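Chains here go by letter, A, B, C, D, E, F, G, H, I and J, matching the order in which they are written, and residues are numbered from 1 within each.
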Amino acid sequence: MARSKITEKLLAAKQAKGITFEDLEKIVGRDETWIASVIYRQASADLEEATKIVTALGLSESMAEPLTIPPLKGSLEPTIPTDPLIYRFYEIMQVYGMPLKAVIHEKFGDGIMSAIDFTLEVEKVEDPKGDRVQVSMCGKFLPYKKW
Amino acid sequence: MARSKITEKLLAAKQAKGITFEDLEKIVGRDETWIASVIYRQASADLEEATKIVTALGLSESMAEPLTIPPLKGSLEPTIPTDPLIYRFYEIMQVYGMPLKAVIHEKFGDGIMSAIDFTLEVEKVEDPKGDRVQVSMCGKFLPYKKW
Amino acid sequence: MARSKITEKLLAAKQAKGITFEDLEKIVGRDETWIASVIYRQASADLEEATKIVTALGLSESMAEPLTIPPLKGSLEPTIPTDPLIYRFYEIMQVYGMPLKAVIHEKFGDGIMSAIDFTLEVEKVEDPKGDRVQVSMCGKFLPYKKW
Amino acid sequence: MARSKITEKLLAAKQAKGITFEDLEKIVGRDETWIASVIYRQASADLEEATKIVTALGLSESMAEPLTIPPLKGSLEPTIPTDPLIYRFYEIMQVYGMPLKAVIHEKFGDGIMSAIDFTLEVEKVEDPKGDRVQVSMCGKFLPYKKW
Amino acid sequence: MARSKITEKLLAAKQAKGITFEDLEKIVGRDETWIASVIYRQASADLEEATKIVTALGLSESMAEPLTIPPLKGSLEPTIPTDPLIYRFYEIMQVYGMPLKAVIHEKFGDGIMSAIDFTLEVEKVEDPKGDRVQVSMCGKFLPYKKW
Amino acid sequence: MARSKITEKLLAAKQAKGITFEDLEKIVGRDETWIASVIYRQASADLEEATKIVTALGLSESMAEPLTIPPLKGSLEPTIPTDPLIYRFYEIMQVYGMPLKAVIHEKFGDGIMSAIDFTLEVEKVEDPKGDRVQVSMCGKFLPYKKW
Amino acid sequence: MARSKITEKLLAAKQAKGITFEDLEKIVGRDETWIASVIYRQASADLEEATKIVTALGLSESMAEPLTIPPLKGSLEPTIPTDPLIYRFYEIMQVYGMPLKAVIHEKFGDGIMSAIDFTLEVEKVEDPKGDRVQVSMCGKFLPYKKW
Amino acid sequence: MARSKITEKLLAAKQAKGITFEDLEKIVGRDETWIASVIYRQASADLEEATKIVTALGLSESMAEPLTIPPLKGSLEPTIPTDPLIYRFYEIMQVYGMPLKAVIHEKFGDGIMSAIDFTLEVEKVEDPKGDRVQVSMCGKFLPYKKW
Amino acid sequence: MARSKITEKLLAAKQAKGITFEDLEKIVGRDETWIASVIYRQASADLEEATKIVTALGLSESMAEPLTIPPLKGSLEPTIPTDPLIYRFYEIMQVYGMPLKAVIHEKFGDGIMSAIDFTLEVEKVEDPKGDRVQVSMCGKFLPYKKW
Amino acid sequence: MARSKITEKLLAAKQAKGITFEDLEKIVGRDETWIASVIYRQASADLEEATKIVTALGLSESMAEPLTIPPLKGSLEPTIPTDPLIYRFYEIMQVYGMPLKAVIHEKFGDGIMSAIDFTLEVEKVEDPKGDRVQVSMCGKFLPYKKW
């Protein structure tokens, strides 16, 4: 993913200020993963949220407006991501995609989990055998419409 | 994913018997998504678990052993899945992959969420505005080893 | 798209009986494109609808049940379709995708047109300079959820 | 789609002026989606239309001429688009391509819907359960010539 | 291109009977390349034409009807053909595509050469330095519609 | 096809001067499509031809020499072109490739039509039902050598 | 490369009879690599050559005719071959393609080495440090035609 | 192949000086194809050879050192080359790859022709029917090691 | 990797007999990974080794000969493997490929590690924090030949 | 792999100083391959290690911090690497991937070798018949978790 110049500036400011996504969560009142998505130009904020983000990062308010425009989303550069952390999510879909499909259809009928009316959260679960990453996805079930 | 003949037989038996993955969860004592993964030959059971599954489906015990062999995993046929339900997980990785990476690194340092020491659960969250699909992934954080 | 055996049988019966999709629309009380989607195993019917379809085609009622199972959707064989009729829809997306995105975002904000809560109709518009194909797509607008 | 510099300038001017595609529709006397296509360099205008567009955006008339040159069309960067809004049109073709083909051939015989002698309109359909996006495509039917 | 069984049968009969495409041209009253396209299931004939073809090949009339159904066209197996004769047409498009585009736009304006309202003929041009293959393509110019 | 800087300059000069490829054909004494191929750096001219071209475009003679160097040919950017005009030639190969192969082999034996000892011409055929684009390809037949 | 059934039979007969390609070279009076190409259905023989081949392999003469039909050539299954021996030829083209192009153009001007009017021979060069494989390709130079 | 800046400079100097690869062969005492490979950064020279090359091209000696560093080899830009001269080598591998493999295995056993302990030469073979390009590849046979 | 029928039979016999690769190592006197490679038809044995393998698996000696023929190697079905165990080796090459290249060139000069004159061993390294897989690759360094 | 600017600077400094990876190993107290991975931005160091590296290369300490940020890993430019040295590791996976999988599963059960909790070392093994490259990979075995 070629980071846009906006993303570059925001990340550089964040690094310089030493602010974490968790800090931003408290300031903006939205989940840190969503805020990271705004910064990576995968989600769009409203002007108030955007202003809070850029102000917290010590940037001029004029940088807020671009964060409100619906971005061209996606486009990790290689079709199949090569970064190991991101690849694991591709692998999960390759390995568990069909079982997930079967279980969801059995529970809900024909339709999908929305990736739009959708939330995504990350938590650290401490564990003496090694901490665990808990990723929670929650999307509205959309049944196929008949017509 | 060209379903193997074993998967075909197990699914046909399951359909004929009218047993759900949830029923199997109660019988086998394992999560229904994992059981579905065994049936789709993406995970391997031990002989006791495999026998419980095939027996519950009314099949001969000789069908249990193949479920214990580590399978060749993955390989949904098109590289990028075209089934809308499965595609949404690819989209989530395309859109939210970089933000997830940023948040996980911030919380844990350099490393990944394991997709092997990993659990995956699906739940139905009832909601008057439309039920929601809750997918919970929980994988051990593996820090990059230095040497 | 390797037509499944079920699709093969239904299409052969339809051809033999000389029934059109429009005839099926009257019998089933659903749009002909949706019915074609059921026959091509891209949509799932309920048992009553499925029974009407197979009966109209002169087939045994036992063929109705498979039409009620959520199918593995998509998967035209080449990633970019080579059939000229189908390719034109790929071309429309390639050429008009960005303008459409801009207009939809301007009218609705950040979000998408659902392809699930969605209808698709085809009509013949007679025209002395050459009849026209009218394709109408109508999908619910799904705004991106923030969290 | 790497936006050409021309497109960049036009979009920046449009954003700065606060003009919508709908406003341009009224000024130019052409549909807003077509105008968006000209701005994204997917369609070519005549000099009068082009001049109206650039003038409305507050730009110098010398910017009109490039909009009259037949562009190199298409080329969204990834072969399969990753932007969720645009992807849905790819999904529609994957899922409904064969049914559409069957219905169109039945209604018209062997041939295609032209994507050249073609119009494309977007409308907002208000709906208490959630507004809907209505996309209307209308292309001349072109029967295969025999020779 | 996996030859369909129909194509296999027709080609085998043609080989056995020792009939050339040129002979078929005289019998059917259509160009030999078009007839070859019908036999390869890339074009559809009407019942009279189809009957002439199968009869000339010494096959039963019941084989005529399948030749009248609009086929799923295209799909040479590798996306970029490896057969040297067919590849040369891909090469011509790669090398001369942009110059052709420039010349056609200059002569006709923005639009395309139809590949549907289109004829394709092959002739042998005798030449003492080595015979030449003359391929003539003639398609209707379709100007882009504005709306 | 990322146009080389040379091509950019030549096309800009051509546009500024208002010279057509047909004008160049008269000046250079070569077919306009071939001249367009030289300008797009897909063919190489000799110094005399190159000088005529750059002079006609009002450019300095020093620009002639680069047009005499054998270029790296081909490389339209997407493997399968997305520009509709160029795509049609890909479609023709996909749909008519096998029939063409069959007819050429029948007329000439095993071998190919050369794309090197080859000419390519475009003509406008006026037609009251809509003008037609006539593309004539003529390549030497090369029989496979045995050894 | 999915070996055709013909190729399978010829290779099985060759293995059973213990005949080498070199033996066939003596019997047929053609180079062993060309004969191997006929057996792999990449080249077509005349009836006399084909009869010599099948007779030498102890097969019925009726197997000769298929070897005279121009085959659909190429199509190693993966686009980039994975077999190490064959891959090395791909690697040679990747690494030495541009230098070869430069040297050939310098020696011959703009054009190509024909892969049709072409011979290919393999020889064993004994060497105390390890025998060497000598592959000799010799193709007619085809200069680009101007028109 | 995006030519590196070093290659660009060397080729420009060579063009300006009017030196051929054959001239360089005499000066450096290595084959011209190998020298071309060094210039295209596909092979690495030692400092003496590199100095001879850059000096012969009239460049400063400081340009010699970069030619001694093992380069990142390969990477013609499109996976399958579109330049007709280079493509022919891909075609040769597609068409003659399997026959070559069969002949080499028969002569040498299981193993490969090295593309590293390997030489590549080009010669012009004059011929009244048209000069021929002779490409000679000679690589050490490497038998598969057992362990 | 579509397992050949030979591989299928050998693996089934091995499973039925309950013999491990380690047992075969003792019987054949070759490393177990190499033996597994013979069984998967990626390496070829001599007749004596092959006979030991098939005999140990309780199969008829006539199954030994096919194991002596140089196989068409490689061709895991998806270009990028989706099986998690195999994928990790692709990931290692993606992540560590360039560093490895740099270190090897520094130690050895320009050349490669042979994958032909090559051995590959797997060992289990017991470790209280979790056992480790030790994969040892050892290939002859092949310096690039100059000519 | 487009080398980042940081990598470019570090490598240039290393070349200018004439320091080897082995020298760095002694200075930093970490394996040279791991250090090369840090320099190629595939691994992240802590600040102390990073400072040692940049200081050893004679660079300012401010260059150390970027080396501590978890990088976007992978992304060799072509999906299948064309550099011969790197390709051999892809070939090893293609040819020996399935046998490795079989041997590892037999030794350890269902699971994978971690590429994260993983070390990679290169050694030169002197050998009179030609030195050998010894690559040792050692990763923790991760058994698939059941849930």
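Assume a contact is a pair of C-beta atoms (placed from the backbone, for glycine too) under 8 Å apart; a residue touches a chain by one contact, two chains touch by 3 or more.
Small disclaimer: the values here were computed from a predicted structure and weren't measured.
Among the remaining chains, those touching chain G as well as chain H are E, F, I, J. After Cα superposition, the angle needed to carry chain C onto chain F is 180 degrees, rounded to a multiple of 5.
Ranked by how far their CA centres sit from the centre of chain B, the chains are topped by F.
Taking I-J and D-F together, the chain pair joined by more C-beta contacts is I-J. Taking shared numbers over all numbers used, the chain E to chain H interface scores over half, which places it in the same class. A repeat of the G-H interface exists among E-H, C-F or I-J. It is I-J, with more than half of its contact pairs matching by residue number. Centres computed as Cα averages put chain C at a distance of 48 Å from chain I. Centroids of chain B and chain D (each the mean of its C-alpha atoms) stand 41 Å apart. Looking at chain J, residues 1, 72-76, 79-85, 87, 91, 94-95, 101, 105, 111-112, 114-116, 118, 120, 142 sit in touch with two or more other chains. Interface note: chains touch in the pairs A-B, A-C, A-D, A-I, A-J, B-C, B-D, B-I, B-J, C-D, C-E, C-F, D-E, D-F, E-F, E-G, E-H, F-G, F-H, G-H, G-I, G-J, H-I, H-J, I-J.
Contact residues of chain G toward chain E in the complex are 69, 72-76, 79, 115-116.
Every residue of chain B that touches chain D in the complex is listed here, in rising order: 80, 82, 84, 87, 91, 94-95. Remark: chain A residues 30-31, 34, 43-45, 49, 70, 72, 101, 105, 109-112, 114, 116-121, 142-147 touch chain C in the complex. Within the complex formed with chain B, the chain I residues making contact are 1, 15, 77-78, 80-85, 87. Those residues of chain A whose C-beta lies close enough to touch chain B in the complex are 1, 20-22, 32-33, 36-37, 39-40, 42, 73-76, 79-81, 83-86, 88-108, 111-115, 118, 120, 122, 124-125, 127, 129-142.
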